[in-house]
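This structure is in structure tokens; I'll ask about it shortly.
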Amino acid sequence: MAGNSFGNIFKITTFGESHGNALGVVIDGVLPNIEFDYQLVQADLDKRKPGQSKITTERIEDNEFEIISGLFEGRTTGAPLTIIVKNKNQQSSDYEHLKDVFRPSHADYTYQQKYGIRDYRGGGRQSARETVSRVLAGSVAKMILQKIGIQIHAFVNQIHSIKLETPINEIDFSLIEQNIVRCPNPETANKMIALIEQIKAEGNSVGGIITCVCKGVPVGLGEPVFNKLHAELGKAMLSINACKGFEIGSGFESVLLKGSEHNDEFEFNNEQVKTQTNHSGGIQGGISNGMDIVFKTAFKPVSTIKQNQNTINATFENIDFKAEGRHDPCVVPRAVPIVEAMAALVLVDFYLFNKVYH
Amino acid sequence: MAGNSFGNIFKITTFGESHGNALGVVIDGVLPNIEFDYQLVQADLDKRKPGQSKITTERIEDNEFEIISGLFEGRTTGAPLTIIVKNKNQQSSDYEHLKDVFRPSHADYTYQQKYGIRDYRGGGRQSARETVSRVLAGSVAKMILQKIGIQIHAFVNQIHSIKLETPINEIDFSLIEQNIVRCPNPETANKMIALIEQIKAEGNSVGGIITCVCKGVPVGLGEPVFNKLHAELGKAMLSINACKGFEIGSGFESVLLKGSEHNDEFEFNNEQVKTQTNHSGGIQGGISNGMDIVFKTAFKPVSTIKQNQNTINATFENIDFKAEGRHDPCVVPRAVPIVEAMAALVLVDFYLFNKVYH
Amino acid sequence: MAGNSFGNIFKITTFGESHGNALGVVIDGVLPNIEFDYQLVQADLDKRKPGQSKITTERIEDNEFEIISGLFEGRTTGAPLTIIVKNKNQQSSDYEHLKDVFRPSHADYTYQQKYGIRDYRGGGRQSARETVSRVLAGSVAKMILQKIGIQIHAFVNQIHSIKLETPINEIDFSLIEQNIVRCPNPETANKMIALIEQIKAEGNSVGGIITCVCKGVPVGLGEPVFNKLHAELGKAMLSINACKGFEIGSGFESVLLKGSEHNDEFEFNNEQVKTQTNHSGGIQGGISNGMDIVFKTAFKPVSTIKQNQNTINATFENIDFKAEGRHDPCVVPRAVPIVEAMAALVLVDFYLFNKVYH
Amino acid sequence: MAGNSFGNIFKITTFGESHGNALGVVIDGVLPNIEFDYQLVQADLDKRKPGQSKITTERIEDNEFEIISGLFEGRTTGAPLTIIVKNKNQQSSDYEHLKDVFRPSHADYTYQQKYGIRDYRGGGRQSARETVSRVLAGSVAKMILQKIGIQIHAFVNQIHSIKLETPINEIDFSLIEQNIVRCPNPETANKMIALIEQIKAEGNSVGGIITCVCKGVPVGLGEPVFNKLHAELGKAMLSINACKGFEIGSGFESVLLKGSEHNDEFEFNNEQVKTQTNHSGGIQGGISNGMDIVFKTAFKPVSTIKQNQNTINATFENIDFKAEGRHDPCVVPRAVPIVEAMAALVLVDFYLFNKVYH
């Protein structure tokens, strides 16, 4: 339970530090005979990579993946699939000044206290560079999900106070990748981009909300009581760096509706069971009901900012601190592929487990 | 992974249906030599039980627990601790009319589709009566947590649009049990109670928000990457019936703050490391930092209401449906001990695992 | 990992002490819609029960089972299936003299040292009475295995130096239950029975070997590397009280054969792949190959004997000790249904998991 | 549960194929602040490597390890420790002739039937080359065990009918590495070596028995019921390629002793609890009792031999087959470090878990 594995049937274990040799993932439980989609993996990695636009960090990270095991003549064999991304251009000396500092709202202090040792170079294991492993695994999960018609679409719904107002049913998912902030409304996207540019100029940071819609999920995924589908989705999302909140369907706003307003009435039309509304977010009693799965995740503003802050050092002296280097003013656009990856990992795991019943 | 177990070291497995013989829990991994606190268990069960006040269901459920295994001369032995609550007064015939109905926003439809069979009596395994097992286990967890000084306080923060406005640092936890809605502000509590009474009279239902504060949590609980402390707390809460959202610390509102406003600056005073604010909710990088752990959970309005609704039956005909029987107009006050129980289960599991490092 | 659970998909958790309220098992992951076979369960329990013949202990144990959860109208629902056997006639005072004694080759000492507390009444959790839970779970596993044509036959192969000499292919499994020692050769059985009676008269004990043959196992059960089918079978058997050894197929005797003698040559005849010999015991590379699965388990002589022995007490004084009460001179015949139960649990778990691949 | 992970607290996941890019292991749950002992790892790898003497295969395998993650300034950090050994000199074309053959007593057939695809080059994932990952992980486990004084000594006890006759208490472990067959008696070792050379000349193969002695194991390791220490050791050993049997302490020979002969009487001398004999093999009730842990494992003769055999091909035709290439006539000497590694993995896992109780 040391925390670097996720999933039960499609079980991943991630490894690697920001400035170590490589980051990667071992997937145990991948179905055999899946044709490996190299382009899908690279495309997903590219959506996550830093330096992709003016609103992300200018830092460049290596982004080429290498398959270490589990593939034979381009197909999975059922053996553990291991994929890594090597670290090549790290400048660890850039991080010397962080060696003895516990940055505000960072994990420096808790890691040091828990383990008595800390790889401070680039944040070590606590760095969000770890999410490259999640994207690698998520892409493999998608290869399986595509075969059964599941599609996952995440997008930026809010940056600070700028909200996407398009109703969820009217969103055109093909617009997501049309702009650098990954908001499927060009006008709102432009406002978000302008805001992030301004925040960046201030040396400050800002957070936002990502919505995720999973289409084509069959009825029956999810397990009762503790392993409810939305509970696992919640854990998956909350495990992403900087994620502070999760809600399924109507979420916190459900509180403002009465039962008569909130209930999703069933109807049977055209040989299909549907609900007239989808406050449930596609999940009832922890099990998918065949409607779109819809959830939201909140990301706080990045804690590393280029402004003076009070904090303490490793010898518990109160000091003044100002971060150097190149950091994201807003991680939300780059978190979109990570949210998709984690959703894919949850869905593939429940899909595979559900086969046991059939 | 069939979903009825929770925890890794302090691992619980719950069982039982609403109208079966009994509900209960087996706890594997309970520390030996813990003196069993019978009063604590009964007090927690009593907070959860239906029929405790005019704003809960009038339905009476049996609430006496029985220890089946794991205790010797009043102390735990390290063997599995099994506790049950027998079902005695169920009137299953009351539920005959639900046999072939898929109630809106209930788990009837998803259970039937997943398993091909469904115990419709009182909701069977999908019933919130299952949470009696969580409370039993949570009370045992508290017996261990108390020894290291951890205290958990959950309370109702919002019912529909009525919010508790008291700042979190000014809340007097001793007021929680002073009123039937479990809101630690008598005036707000009265408004909430009046609202629930009105909703009950309408045959409708209403949801709300519970806040939970865990005090005395040592630095170092939680595991990196996937098993972050708040990720497990999130999963734990979202697994409770009717829970739709979870946020740690600043949560969704973090989105409206800039990094410079949101960061919790460290300070060292009186031989203690503290943060000046607690937007992190006591957790950084997934690991407790010694500050109070603070999180919120959203509960939707109960789906069973005494009003006409459209739905379908087991043969997929569109029908009109109106629930009978006695149901809670608002489960939020009764969910308070369940939130505490789940928090206790998460904390005790991470506490025990953290001993491995020492 | 506290040790009271077994299996991954068909996951059981057992609980209960020899002189507690009840022993039992929760099965999480049982397939839904299985018709519960009450007679099978009772028949298996009866094979295990003490007092069944002149060569077992004369002690009487309660043997009636009760279903607590997971059944609806006689069928499983997919919810946790809980079955218990209550303890009714325990005379705990009989065990007062063991309170402060660490019996030779018993678990008294190790339990006391590990936990700092010990339920000495009837052996508490360390008692072989715990295996009643395994038999309960194994019977449910058999209900599923029968549907796919798997049959499990265990029998006594050796008691002390008296060996069954019938070649494995010539054994008539219908003879197993024809005698009280469960050896499918009447003549050998009589010798074994006579030996056990003599040992009993001496106040001594004796061990033996059980062979188990699983027929109808499809190709493909078992997982590579660490979860090989025979590795899990080995763990399952070695976890039974008094079991000291396990071998698959040719086992320790394989050492005396050369590769050219030991290899099982494949042949294809009558549309079937078979091997001409079965030194592999039906498993190659950890995966079933469609031949009979054959393994052996060694059981040591019972440690509780009615003879004087040296030992120590709880204050570490060297003392003289002689056990009182009624004990089995030989547990091997009663271990036959337990071996079958554990084999069934392993096979059903791998069978269910293998469905993931299809 | 797909089978490539082992352990609960100190959890390893292995990956890699015989002719893939690399083999390796991720260890999740390694204690922080352990100084990495490079020499120990290389020494263990060297004991396992092929081509080390005239009685092993002449095949050369790469044997240099590389650390991918988890180390900082020569010490573990608590992050996943990943170590790989690259494959460099594989000549996959040597294996073309095996592409469509199911070799007798090999895993070719079962892998093909289970997965519908098979990496036949060098045996792919089913190859014993996989055990390089186990040795890597076992060496890390030993770094922790050494700190608490646990030492593990495995040696060859029997090759075909040639047995080591030295009583276990008189064995000088320093002799093990003095000869190429790893038998701590020079005279017996020479006989074993001569036999293996003769078998090799015949193009045949031979098996043997390895004994393992673990010294310095504290009282209390192991968990009751299903996770008994010897049950996990059994699973660990039986998961090694070609292992067919396991016995703890007196094992199968316990059957020939009466209880009065077999019981290990306790005595208290020189402030220590000991047993006068050790038929229990250091484990009682599944929990270590402070005496040496002693177990044996049987390895069958290697299935790949240079003699004609009948078998079938991928289209189920009966064919004649003779293996080519360079293979071990006897794997037992090279299995010694693998047995040690698996023992270390089991012990470290139970040691770490046992800290939870203290």
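In order of appearance the chains are A, B, C and D, and numbering begins at 1 in each one.
As a convention for this text, a residue touches a chain if its C-beta (ideal position, glycine included) is under 8 Å from a C-beta of that chain, and two chains touch if they have at least 3 such contacts.
All values derive from a computational prediction rather than experimental measurement.
Peer 1: Which chains sit in contact with both members of the pair chain B and chain C?
Peer 2: Chains in contact with chain B as well as chain C: A, D.
Peer 1: Measuring between Cα centroids, which chain is at the maximum distance from chain C?
Peer 2: That would be chain A.
Peer 1: Once you find the CA centre of chain B and the CA centre of chain D, what distance in Å lies between them?
Peer 2: About 47 Å separates the centre of chain B from that of chain D.
Peer 1: Averaged over CA atoms, how far is the centre of chain A from the centre of chain D? Could you give it in whole Å?
Peer 2: Here chain A and chain D have centroids separated by 40 Å.
Peer 1: Taking the mean of the C-alpha atoms as each chain's centre, how many Å separate chain C from chain D?
Peer 2: A distance of 26 Å separates the two centres.
Peer 1: Give me the residues of chain D that touch two or more other chains.
Peer 2: 1-5, 8-9, 14, 29, 32, 78-79, 114-115, 125, 224, 353, 357
Peer 1: Within the complex, which stretch of chain D touches chain B?
Peer 2: 9, 29, 31-32, 78-79, 224, 352-353, 355-358
Peer 1: Would you mind writing out the residues of chain A in touch with chain D in their complex?
Peer 2: My answer: residues 1-5, 8-9, 11, 13-17, 20-24, 26, 28-29, 32-33, 66-72, 75-82, 84, 114-119, 124-125.
Peer 1: What does chain D use to touch chain C in their complex?
Peer 2: By the definition above, chain D touches chain C via 1-6, 8-9, 14, 102, 104-107, 109-111, 113-115, 125-126, 130, 158-161, 199, 202, 204-209, 219-220, 222-228, 230-232, 234-239, 244-252, 254-268, 273, 275-276, 279-281, 284-289, 298-305, 307, 309-312, 316-318, 353-354, 357.
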